[in-house]
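In the two assemblies presented below, subunit A is common to both, partnered first by subunit B and then by subunit C.
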Partner chain A sequence: MTISLPKKIWIYFLLTVTSLLVFFPVLYAFMISFMTGPEILQGKFFPQSFSLDNYFKVFDRLPLVKYLVNSFVVSVGVMFGQLLVCSLAAYAFVFMPFKGRDFIFFVFISTMMIPWEATMIPNFFTIQKLDWLNTYQGLTIPFFALAFGTFLLRQHFKTIPKELHEASQIAGLSRFAFFWRVILPVSKTSLVTLGAYGFLTTWNMYLWPLLITTNSSVRTVQIGLKQLQSQEMSTDWGVVMAGVIVVIIPTLLLLFLGQKQLQKGLSQGALK
Partner chain B sequence: MKRVELIDLSKSYDKQIDVISGINVTIEPGEFFVLVGPSGCGKSTMLRMIAGLEEITSGTLKIGDKVANGLPPNKRELSMVFQNYALYPHLTVQQNIAFGLDVKKVKKPVQQKRAEDVAEMLGLTEFLQRKPRELSGGQRQRVALARAIVSESPICLMDEPLSNLDAKLRAHMRMEIRRIQRTLGITMIYVTHDQVEAMTMGDRIMILHEGKIQQVGKPIDIYNNPANPFVATFIGSPPMNLASAKNDSVSSTLLIGDTWHLALPANENYSHPSSELIAGIRPEHLRPATKDTPEADKFYVEVTNVEVLGNETVFSFELGGNEWMAKWSGQWHIDSGDRIPILIDTGSLCIFEADTGELIKKPTDLGNFVFGKEVLL
Partner chain C sequence: MNTHVKPGIWRRTGNARTAFLYLLPSVILFSVFVFYPMFRTIYLSFFLTNQNGEAALHVGFENFAYLLESSAFLNSMKATVLFVLYTVPIGIIIALFFALLANEKLKGIGFFRTVYSSTMGISVAASSVIWLFLFHPSVGVFNRVLSVLNFPQIQWLLDPEWALISVSISTIWMNTGFSFLILLGGLQNIDEHLYESSRIDGAGYFYRLRRITIPMLSPTLFFIITISLINAFQSFGQIDILTKGGPSQSTNLIVYSIYREAFINYQFGTASAQAVILFIIILIVTILQFKFGERKVHYQ
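And then the complex of A and B:
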């Protein structure tokens, strides 16, 4: 399909405007991260000079590297945990007939209607009783069983022809072998989607880590950002924004890399 | 090369209505056995019961000499080809073919050798490194076939394997499957709804309707002597013409479709407790009347539709509320609306009992259509 030049210019103009609109907050944060205090108060958009002072200050004031590592460990942990639990659950819901399967699935899915915050207090007590405060397992394990993820994968598994299951039964594949050797490779696309979703939500999680962590041993980076704000009487916004930029870099990277993989996976299914 | 025996097999999903019942048949080793029937007749269910993908409600299934009712699919030593081929989309053709061997822990070099041999047999050698989605329908079909052959199982089950192919390719694959089956001598159980496939491929065919066996036998015997009106109309294209008939023993005539009086030979009489009969005749047995035909033997029909196929002409007319068709070889210039005289031989007539569908008179005169090899010598 070819688009005429004026139309192309118009489309690109619109795209540029909207992308600027969407990207403006991030761009502004990026600019602020190079500014000094007075500059920010003057409401300038471009800093006078691109000094990295704020960045040094951030790493100085907070154990930011440690927080980043913590966040990374927790996010990756939740991502793999979710992939494992959800894919196994979805497999059972699709390929193993048992009594009351649809009902159980319905109950499972209906938990999506309960806001997470409502279950926060019982969850907190459970974790406390288990003595998992300030531990990685306390931060990760409550998120492994994800109704949304199970639902997503179940929908994908359902599109896999049942003949594939039957063919592997005749070949003599065990249930787990079928899951491992056929189902997982075939549903790579959905797994990548769910993985990216799990990583990003965990990376951006605020409330739960705030409750569960009381010291910097396993504290995640989002809490660190909050700490920057409240440490002094007047917040040094330049430093906070420098922290923000550092924090969003991994997510942006993941999104860019993941997007490419995702597009590849999606187009693979579409092309015959 | 194993025998498969089905003894009083039945299947029910809700424990009340049997979708399949009273199946008794023995499939001989090395036989090409075709299960044919309209959709929903239970033929696929039966195949899946043999494969072990569907539970057997009652009856006995024997594979070889062993009772196989409770065996898991992989212990039944069979291979299966599915309608949609069921190829693993993430594996290459080579891996797809060797998958079953890999599961059985066959050594890698042996796997590769066997996969390559089978690929060569089916002309897949140049596609071994491709993924299924990069293949055409016919090639995928071959991969599915290769996967079944490579397992060297004595029994092979096929569930409508050719229905996704175009007509030309289908004709070709029919021959190819038949050739492979003969070469390897495997016992083949083949499910199809296409009577042409059944006629051309099977050593024996079994016609199923509403979960019950209608007839089992050699294709040509079934064609010539259909056991009931259902089989008569299911096998053959165009189907056998049927119409209700009455036997008048006084005047020794058969009244077909309330309009035709067919004089019967003196020694033939179909007096039956219920005089309601069904008369049937194959389209090719309705012959054109010639100038020499006595006027009394001619039946005049009004042509409603004509199809000239090049080597033969099929035209239809109405009789007693049914559409009848006649098939004459050659190109006949007939227009719809014409009244033309035709001939019926009592010898080529089938007569069924109307209530039970039982065949009470086989066609005796097939002389013009059956040829021996001797004719050519």
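And then the complex of A and C:
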């Protein structure tokens, strides 16, 4: 397929203009993060110098390193928890025919229709009774089971040839060995997709950490941003934006690296 | 083990028993953190509660009756519906437009795809803080542009007439990344041959869009519309950071209203009743979508 030159120019023009519009808020936040108060008031777009003052200040005013570590621990924890719990379930759904399997699968899928926010009140009290407020397990374990993840992996496991299963049985591999040493390695792409998705959504989670972290011991960066914004309101936007940039860099990097993979994996899960 | 006595049943249920072991973690977690709290929420919605969220006084449907008469709740429902109407259709149209552009096979298209999907990597909290600045009455970029153009200034987040629209604009921005990524995936799954044969017929771009692209994309569109609707009903973070439900309750969306009722006013009974209403709305939306949406969807 060839595209005519005028059409090409027109498309590039649209691409450039819309991309600038989409990326403007982030770019502007990045610029602001280097500016001093007076510069911001003057409404400049480019900072006078790329000094890191605001970044030093934000690490000074908030236990940001701690929050970053917390967010990282929680996100990685949820990621691995989801991968394990979902892949175990998906494996059972694909490789172990049993009576009532379709019904149980339907029950799993039905959890997608229950909004998390509709259940947060009892969940809060469950966590309180378990004495899990301000703990990593309170922030991670409720999210390990995920219907979407089970569904995504099930779709992929289904494409694995049945002959592989038979061969493994002949070779005398136990079910778990087959799962661990054959199924998981050949499903690497789906696992990476689900892992990236889990990490991203957990890193960005807001309401749950807001509810169950009452001090800074396991508080995540998202809540840190809220703190920062309410402390610094109207005084020091440069510092606030430095905080924003620090918080979005890990997920933006992850997205830039895994965009293709994520898009393929997610749209596959959506369609099949 | 009595395998020798009853080999039939024991062996026949072998799969089920092993399968159960593999399903056990999910089953336990779903029971504790999804099904139990869902039933508990429904249960609590019929009670007045004490400070620890325990049922204290059975009141039947009075919580619901109270909500349906309370102007604050009706106002919150109205704001939620408006918010959904503002954000979902426009958000999807913009994402579709981006996806169509980014689906052209051109040099450097990967860069543009990354930019379009970038908002997916930015958390609601970070996005909201950025937009809070953009909407700022004096230093924000919007009012600066307005003043350059000699238009009157707008109190974006402080004016009850504008606050919901402002929050919607920022939400559309936050959500385009994800919708874009899903729609682009859908576009790339469309068989090239369909276009080639139409090209020979000399069909124009918009004709092809209407007759090939949109019908072939309909399952993806259907999926993303459902997800966007559900997401919109669940919005919380942007409200908490941008407006706190104000000014004069104009952006008090349902999840924010539940949060305030439960964790600030400690009225867990009425908060649960609101949560039940949220659940019912999402259930209805999903069912309607599947009932009416499915018919118009073209599967390959």
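Here is the rule we use: the second predicted complex is superposed on the first by the 233 of 272 C-alpha atoms of A that agree within 3 Å, B and C clash if a C-alpha of one lies under 4 Å from a C-alpha of the other, contacts with A are read in each partner's own complex, and residues count from 1 in each chain.
Keep this in mind: a contact is a pair of C-beta atoms (placed from the backbone, for glycine too) under 8 Å apart; a residue touches a chain by one contact, two chains touch by 3 or more.
Quantities reported herein were computed from a predicted structural model and do not represent experimental measurements.
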| item | value |
| --- | --- |
| A:Pro185 touches, of subunit B and subunit C: first, second, both or neither? | first |
| Partner chain in contact with A:Pro38 - subunit B first, subunit C second, else both or neither | neither |
| Subunit A: partner with more touched residues, subunit B or subunit C | C |
| Which superposed partner A:Tyr91 touches (first subunit B, second subunit C, both, neither) | second |
| Partner chain in contact with A:Glu166 - subunit B first, subunit C second, else both or neither | first |
| Which superposed partner A:Ile3 touches (first subunit B, second subunit C, both, neither) | second |
| Partner chain(s) touched by A:Thr18 [first = subunit B, second = subunit C, both, neither] | second |
| Footprint overlap on subunit A, where subunit B in one structure and subunit C in the other make contact | 271 |
| For the subunit B and subunit A complex, residues of the former touching the latter | 48, 51-53, 72-74, 78-80, 82-86, 88-90, 99-100, 103-104, 133, 147, 151 |
| Residues of subunit A that touch subunit B when the two form their complex | 161, 163-164, 166-173, 177, 182, 185-186, 188, 271-272 |
| Subunit C - residues contacting subunit A, complex | 13, 15-16, 18-20, 22-23, 25-26, 29-30, 32-38, 40-41, 44, 52-53, 97-98, 101-102, 104-106, 109, 112-127, 129-134, 139, 141, 144, 173, 176, 181-182, 184-186, 188-189, 192, 195-196, 199, 219-220, 223-224, 230, 233-234, 236-237, 240-241, 255, 258-259, 262-263, 268, 271-272, 275-276, 278-279, 282-283, 286 |
| Footprint of subunit C on subunit A - complex, ascending | 1, 3, 8, 11-12, 14-15, 18-19, 22-23, 25-26, 28-29, 32, 40-41, 43, 84-86, 88-89, 91-92, 96-101, 104, 107-108, 111, 113-126, 141-142, 144-145, 150, 175, 200, 203-204, 206-207, 210-211, 222-223, 225-226, 228-229, 237, 240-241, 243-244, 247-248, 251-252, 254-256, 259, 262-264, 266-268, 270-271 |
